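Heads up, the next two complexes both have subunit A, just with different partners, subunit B and then subunit C.
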Partner chain A sequence: MVREETEFVNWEAVIGLEVHIELSTKSKMFCGCSTDYFTAKPNTHTCPVCLGLPGAMPKANKLAIKYTQLIGLALNCKTRTGSKFDRKNYFYPDLAKGFQISQYDLPFSENGHMFITTNGRTKKIGITRAHLEEDTGKLIHTKLNGTRLTLVDFNRSGVPLIEIVTEPDISSSLEAKTYARNLQQVVRYLKVSDADMEKGSMRIEPNVSLRKVTKGQESMVKELPPYKVELKNINSFKFAEKAIEYEIKRQRKILESGKMPKQETRGWNETKQETVSQRSKEEAHDYRYFPEPDLPPFAFEEKYFKSISEEIPELPDEKRKRFTKDYSLAENDARTLTEGVELAKFFEEAAGAYKKDPKIVANWITGEVLRRLNEENKTISDSPLLPASLAELLFLIDKGEITKANGKEILANMIKTGDDPRATVIKLKVTGISDIKLEEIVIQTISRNPKAIEDYKKGKEASLMFLIGQVQRITKGQAKPEKVREFVLRKLSEAD
Partner chain B sequence: MSKVKIDINHVSKLANLNLTKEEKEKFEKQLSSVLTYISQLNEIETEGVEPIGHITGMVNVLREDEPRPSLSQEDSLLNASKKQNGFFQVDSIFEE
Partner chain C sequence: MKKLKGLTIKEASKLLEAKEISAKELVADYISRAKKLNKNLNSFLTFAENEAIDQAERIDKLRRDNQKLSPLAGIPFAAKDIFSTKGIKTTAGSKVLESYIPVYDATVVGKLFEAGACIVGKTNQDAWAHGSSGENSDFRPTKNPYDTSRVPGGSSSGSAVATAADQVIFATGTDTGGSIRLPAAFCNVVGLKPTYGRVSRYGIIAMASSLDSIGHFTKTVFDNALVLNTTAGLDEMDATTSPLKIDNYTDEIRKSPSGLKVGLPKEYFEGLNKEIKQNITKALNVLERQGVIIENVSLPHTKYGVATYYIIQPSEVSSNLARYDGIRFGYDRDNFGAEAKRRIILGTYTLSSGYYDAYYLKAMKIRRLIRQDFIKAFKKVDVIITPTSASLPFKFEEKTDDPLTMYLSDIYTTNINLAGIPSLNVPCGFIDNLPTGMQIIGPDFSEKLLYRVGHSYEQESRWFERRPNL
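Now for the complex of A and B:
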């Protein structure tokens, strides 16, 4: 009997995501220090609790816990009726106490999922848990008189931080990016965080490994690889995507040479465009979790969960589906319009005021409005443009009072000033007149002035100027002179 | 009652303490005897007893999300052994 070798098909990426998001409470997790530290001077938002001074007593922020439970509910998690905080012990300079207050075995939320769509395919990503902890201080690595040293700012220490962990269900950088984007959208819809990657209020830590897929096993339940590489220092979706792609290539090379990649933490180096091993001296992974003695446990009733779940607004997925259904929008337009709650609201109000085909409103917003806003690096909330004004502008275009091209010019100004379209027409002295209307006026003027036509044909240039003047008088100067001249000349040549 | 072994190198590393050889020997003995004493608790039958993390009986001790004034930068750095431009200063934590 011939023994068949299992036939190699491909390497498959096995990716899990750990996402940390700072919650937008006013005060820190266990003390009353303000969380508004972003531009503050170092160590000006601290107290004995968040500095870890002996004898200080933490007290849990009620709103931060509620935010964690809201996120859990929005991610289809089971929210625990019984929960508690635990101590995670380790020495690192960003942690004043020598331990971080976190959650170990009884997280506020667990066992949820989120659906993501990439290249038209929808996939379910399991959410293992969403737990609450305190953020650490910020470290700055620098050099002083030739000596390397580390500086610590504890303003961030103790800011409520939610950690959301997925199952290793993600199998490409695109899926990872899509999941992270969706998650950011959900927390922004919930208004529990600004989840800004650049400011560090959202941090992504992917763990990546590869497994061999052999023939006939493609759809079987597969074992996890015996190692995984954690990626850190990622402060944009783009970096996350690049770091994962780089890691997949790097690990494949090692595996194909018959070796096993090392289990380690690697950081993304944007200048080198590669991941780099991050060894740090004092890290020992033996956290010795135990229940936090200074914080008594929590008990929640189902009716409390019921009442807070009523506060969850329509989430991006539902909103997108409703937009495609109720407004007959294309999937892409619906996706763009539901990216943020403010833009979605703007669309709905504009479509409501316009009353005619909402697809026209959608086209203007996804096209002209967003293009102009992007040019100035702004969002719809930064602009004074009112939804009713956009509707009125479209109405003026429909009536032929202004051309579509001029409408765009007027809109650009409205986005900056917030003025209504009629006022903007007068202010900009743009053609308040559509091509059709102008043509009408030109034909009328020509038919009323046979003498001038005669003279023009005889070569009198002044007659042309007279006709243009007549047209301008009727349009009250709202048409551009070059355009009037072009129209008159065309009509005259047609009259030959 | 069997003696409980302790890995003094691992424990001192976790506690971020640099111990001399003599200290290691001394503390290893002391800690081991403490653990051996405590391990008597393992002899008690705990089948069917619910684990408990707190004995005060308090639950849901919470505070409203209201910011309070913090310490000044000067006060917050008062106990620091080394400081630099308003920061706490520590030895570099990266190798290389």
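Now for the complex of A and C:
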């Protein structure tokens, strides 16, 4: 036997992501209870089905299935014509029936992909599957009269949950974060979930391991490491990034000492800024999957997939490309404007109304509009500002009726009130005349009142007030007094 | 007052309609007999006297107002204790649920209440419907009214006995592997296992979900068809119910079976007890005289039935019983009896990774072959007739030491559940004063045809007239 000389190059992270997203259907996955549990009193959105009472049976939510297929189609998946639900059997006090209805070997969608761009490099991330299941109840650990108790709230029990699993194609925390953000964006574009990490309607579980890369093999098909660490307890993109980074360092240390990291589940501890072991392989479940006998298998026709695929809107990637092309926007601006479907729509409507250079509209939105909204922690949908009003504001600036600086002030008010720009100008008494015009008036006023200038130079403050009053009279009070004062002073000093 | 004992639904309904008796009188009479006989028979676990009398009074009022009522209005009935009944204790025969009171009615219970039937109580059963003799009841065994030293068959023991002993006029049951037909045969009553999906399972505590069929016991075939007219049909709450339109099951029940082809599967007659064979031959002779044509058929996969059944059924049982953890309702898992524990262990094993393919998946494949056997046979014949049981009602504790022998009690019934098709037990005479039954099996949704054949035989043989001596 001969062996090729191999030269160690580096450790490479091998990351796969499991993302759970709660679908925003009105009713639960297998019963008619409301899914709007977020602020509801515990155990008020329940019925025999989601409480798992004896004899109760599930009835599948058609819309949730459609949402799963839409997500599948949006992620370039193959949608199955034949599919079914399975039972995943395990014990946990938040699981009412002692099993979760999920999907095992025939998920609604599988074999898809998504492109992500990090540091200017585009990469294809394989999507293994997107399947539908039901959410569990929630345990609340508390203390009552000095006794530690665990309470169960079944309001969340049975809320439709989609699980999207990637291939182990991700190799950095940045890629993982980018993928998760893109996925969130797609799901929001499809309007199938609010995918809110903080509220728990989107949950990320990365699995991380490291493999050795040797020289000359960097681009070859590589074997998977013989172990894998699953990370849980992650409720923000930032935590995901930090947990993955921590894990890469931790595993690297173990590997470099010649040992093999344990196959286990670890949770992110934000206070300690580290991952903590939760469950090892030996304790892993055998879920004893089998077809859910209470739900007959599904058969879908290609015709059906064709008709639902027509409901898929333009997705973020396409929209961004179109924005850079059709509106000649910079890549960055296009990315910002396509972040959410509402903002993109706002831009397109404003640009359509404005009719002139859309880049100006883009600059105003990515600059002033977003800055003001961010200050108040709002999104464009929270503001009554109309796209046509923004366009009109830009017109007024172009015509010189208001200055750009004043325009910003007017815009800030419009974002709050939704009033149109002309009404706002009058209401705020910001100058109805542009700086150019005001300057003109000031120059005229000064030239017509040489006496007052003489007096002023002699130190008569009253002359200054006289001149300001004259300007105000001509502008019919539309100019702000401080501004008039500033202009008059500047002209006076220039007149020296 | 009229003699109220021994009435069929048809007879009682006629008396009620003619206002010769009131529903309250009828129900009260049945309740008092039910209670009295229960001391000896153990057929009831819970009585619902107040509910029954309230309903009877309501029906009497409607009748006085000349409202058009269902033939089931005012009829005293019992529900197997596995049917959820709102506000009435529902134990499934198990200590785990000894004090469980459901917050909702099973769909079938709701339909029967809607039709005006009056619930006398909840009947005894093998715990969780696991058993063929009634001896697995966590409370006490039900006794056979024809010989109280013998078992009544199971698992719907109490419902069969309550119907046979005239404690009620009809009773509901569940049949997962023979749990209606076997006790019906052992107690000389008519018992239907309908097509899977014909009657809603919603609210009935699941045993093995892909096999559970919801049926009922009556004294006569006509009565049985009357009850199915009410219980059958699509249920929004049970995704496995069929959207197929339901028949009027009493319609054409009197039509002669002449010209129908009856198949005898040779596998069911090989090695059959001589007396039982003679008995069924006599029954077939009656049908032949009525014009049916007897033909031999083969169901080659018959012998794999019990083994297949005892993989699929415990697998589903192990999952269905997982919710009984004592956290939200009921008592904890220590309260499971030996048979439930046995099935949980069996099913957990057969579903485990590494064993799934060899057991569960294989069993599902054989299940399909068993169904195909029947489908093929029904291309040749209209119905199939076999004995319901290979043995007579046996003595208490005769089979309790050996679970496998007990499992074999269901040898003639399990395959019908695996195939999902309907089967009707019709009393077919006595051997040594013990009842026997034959089952008439048909293709999917052929209940109407089964009733026609069963009714024709019953009207000539009239075994239902031979009541137990109590």
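To be clear about the criterion, the second predicted complex is superposed on the first by the 449 of 496 C-alpha atoms of A that agree within 3 Å, B and C clash if a C-alpha of one lies under 4 Å from a C-alpha of the other, contacts with A are read in each partner's own complex, and residues count from 1 in each chain.
The rule is short, and it goes like this: a residue touches a chain if its C-beta (ideal position, glycine included) is under 8 Å from a C-beta of that chain, and two chains touch if they have at least 3 such contacts.
Quantities reported herein were computed from a predicted structural model and do not represent experimental measurements.
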A:G477 contacts which: subunit B (first), subunit C (second), both, neither?
neither
Touched partner set for A:A60, first subunit B, second subunit C, both or neither
both
If you count the residues of subunit A that each partner touches, which comes out higher, subunit B or subunit C?
B
Thinking of the overlay built on chain A, is A:P296 touched by subunit B (first), by subunit C (second), by both, or by neither?
both
Could you tell me if A:R148 is touching subunit B, subunit C, both of them or neither one (first, second, both, neither)?
first
For A:R288 in the superposed arrangement: first (subunit B), second (subunit C), both or neither?
both
Identify the partner contact of A:G469: answer first if only subunit B is touched, second if only subunit C is, both if each is, neither if none is.
neither
Of the two partner chains, subunit B (first) and subunit C (second), which one does A:R87 touch, if any: first, second, both, or neither?
second
What is the contact status of A:L51 with respect to subunit B (first) and subunit C (second): first, second, both, or neither?
both
Report, in rising order, the residues of subunit A that make contact with subunit B in one complex and with subunit C in the other.
48, 51, 53, 59-60, 89, 91, 93, 98, 152, 286, 288, 290, 293, 295-296
Going by the contact rule at the top, pick out the subunit B residues touching subunit A in the complex.
10, 13-16, 53-54, 56, 58-73, 76-77, 79, 84-95
For subunit A, which residues are in contact with subunit B within the complex?
25-27, 31-35, 41-48, 51, 53, 59-65, 84, 89-93, 98, 139-141, 144, 147-154, 279-282, 284, 286, 288, 290-291, 293, 295-299
Inside the complex, what are the residues of subunit A that reach subunit C?
48, 51-60, 87, 89, 91, 93, 96-99, 152, 286, 288-290, 293-296
Going by the contact rule set out above, which residues of subunit C touch subunit A in the complex?
83-84, 90, 92, 97, 100, 102-104, 106, 201-206, 208-210, 236-240, 315-316, 318-319, 321-325, 327-329, 348, 351-353, 356, 360
